[in-house]
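Here the structure is laid out as structure tokens; the discussion comes afterwards.
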Amino acid sequence: MGIVYEQRNLTVDGAMTVLEGARRKASEMGVAVCLAVTDQSGTLLAFARMDGAPRLSIQLAQDKAYTVTAFGLPTSAWYPMLEKVPSLLHGIVKADRLMVFPGGVPVTLDGVPVGAVGVSGGTVEEDDEIATAGAAALVAA
Amino acid sequence: MGIVYEQRNLTVDGAMTVLEGARRKASEMGVAVCLAVTDQSGTLLAFARMDGAPRLSIQLAQDKAYTVTAFGLPTSAWYPMLEKVPSLLHGIVKADRLMVFPGGVPVTLDGVPVGAVGVSGGTVEEDDEIATAGAAALVAA
Amino acid sequence: MGIVYEQRNLTVDGAMTVLEGARRKASEMGVAVCLAVTDQSGTLLAFARMDGAPRLSIQLAQDKAYTVTAFGLPTSAWYPMLEKVPSLLHGIVKADRLMVFPGGVPVTLDGVPVGAVGVSGGTVEEDDEIATAGAAALVAA
Amino acid sequence: MGIVYEQRNLTVDGAMTVLEGARRKASEMGVAVCLAVTDQSGTLLAFARMDGAPRLSIQLAQDKAYTVTAFGLPTSAWYPMLEKVPSLLHGIVKADRLMVFPGGVPVTLDGVPVGAVGVSGGTVEEDDEIATAGAAALVAA
């Protein structure tokens, strides 16, 4: 790859687009969640805690987005891998910021990952649906 | 043992030999990993994050090498011991820096441990194969 | 800036070029230091602890590089700013990973920052000179 | 230095000799302190908390010994260096485990460092005197 490469990354405007797309979805569903959007390096770009969302979710949402960028996978992909490798299942979950349940989703543009969105506060299915709606909002922008 | 003893330890040149041996193997296998080499006290001597390797693996690779020096065992030896003792399996995994899945391997010279190499980012089998190649590079040097 | 932008970043090969350039300089000067190279997001790419370098410098070198990418300034620029604002001098220094003394230097290519190098273990002047030599090695590559 | 080197290190018997030497001195002086002895890598080998010694000193004593091995200097050497470099004085004190006041002393044998002893709980002068007595006990053994 030579000594440098070009990485495409979300701007704050892009991040706000994702955040608002996810927040709209959460409002429609009637679920109060925390929403975090990071760039491709896992750095926080935008965050919102909806009224009544769990305070513990402030960190969980950020860690979900971080985990996505750290491995390039949605957080929902982790458990199906882990349950086949018991040593990993028992041994890796404690890793700092690693989130192995749904609610963290890559944000892509033209198929290229540019960041991630993490959602926490609803059921894991709700969190994942809201995060997915956030990622979709960027493509539609 | 008296009041002092002599301990053989990797130098930074030895550590770079291990690092490059492991990196060559990972490149051949087409796997992007983080690589960490420590001396016999678990102190970090050399590290590289290959392009595209998971960011969470930066710490995991270091913790795998640390665990090897802390117990004198490859990290792959842990789970087979733990699964026979459920209380230990559930209770010890949280111990700071303990890694109980493959990818951490002792670095020995003439059968004497002088340090460790930890690899993270591929499957546990890939990580272990890459770490083993790194350790072998020192013997071949 | 629209919703995404392009960021230029060091590869691991670029990082090793910086690391070796800094290590050569430190060897010439006869100073044992820890050397850390990060990409533009502050993510660790390459590290070496020269024989006899202080162990506390393992983290300090990484934090110096991180601080550079976090603010876009060499770490030597901090103290002259802080000493004019006592509240800041006493209050901001504890910020996680912030390093306010010399030894952290941006790595640039064609005037564009692509990462950072942090050095710790010598005097602050030595650390800064070694880091600067590392950054220069990339331009010469 | 090649790929490996030999490092001389305290055994637990050596560490207990240092610990008892320091404890005898503290008892003679009528000061209740915490005493920690590490090997040359900063790894804890022996510890005692004398009756009535401050609980916070449990960690401070260990950190003093650790700091000695991390830099190869008694902790009393730090402040005279720091006061001449304001950026360092303000910026480095927060470093994890760094202790910049007296009470940590190298343990040497035939002029070679083999570990360290850290003492906390008295005045800095008392702590340093007790630590020095501990180190001397090894030479006398």
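We just call them A, B, C and D in the order they show up, numbering each chain from 1.
As a convention for this text, a residue touches a chain if its C-beta (ideal position, glycine included) is under 8 Å from a C-beta of that chain, and two chains touch if they have at least 3 such contacts.
Computed from a predicted model, the values in this text were never measured in an experiment.
Trainee: Listed by label, which chains are in contact with chain A and with chain D?
Mentor: B, C
Trainee: Going by C-alpha centroids, which chain is farthest from chain D? Tell me that one.
Mentor: For chain D, the chain whose C-alpha mean is farthest off is A.
Trainee: Give a one-word verdict, same or different, on whether chain B and chain C use largely identical residue numbers at their interface, taking over half shared as same.
Mentor: same
Trainee: Can you work out the whole-Å distance between the CA centroids of chain B and chain C?
Mentor: For chain B versus chain C, the centre distance works out to 26 Å.
Trainee: Centroid of chain A to centroid of chain B, CA atoms only: how many Å?
Mentor: Measuring from centre to centre gives 30 Å for this pair.
Trainee: So which stretches of chain A touch two or more other chains?
Mentor: 1, 5, 41-42
Trainee: So, with touch as defined above, which chain pairs make the list?
Mentor: Those chain pairs satisfying the definition are A-B, A-C, B-C, B-D, C-D.
Trainee: What residues on chain B touch chain C, complex-wise?
Mentor: Chain B reaches chain C through residues 11-12, 15-16, 43-51, 55, 58.
Trainee: Along chain A, where are the residues that touch chain C in the complex?
Mentor: 1-11, 13-14, 17, 39, 41-43, 109, 114, 138, 141
Trainee: Please name which positions on chain A make contact with chain B in the complex.
Mentor: By the definition above, chain A touches chain B via 1, 5, 41-42, 67, 69-72, 85-88, 90-92, 94-98.
Trainee: What does chain B use to touch chain A in their complex?
Mentor: These residues of chain B touch chain A: 51, 54-56, 59-60, 78-79, 82-83, 89-90, 93-94, 99-102, 124.
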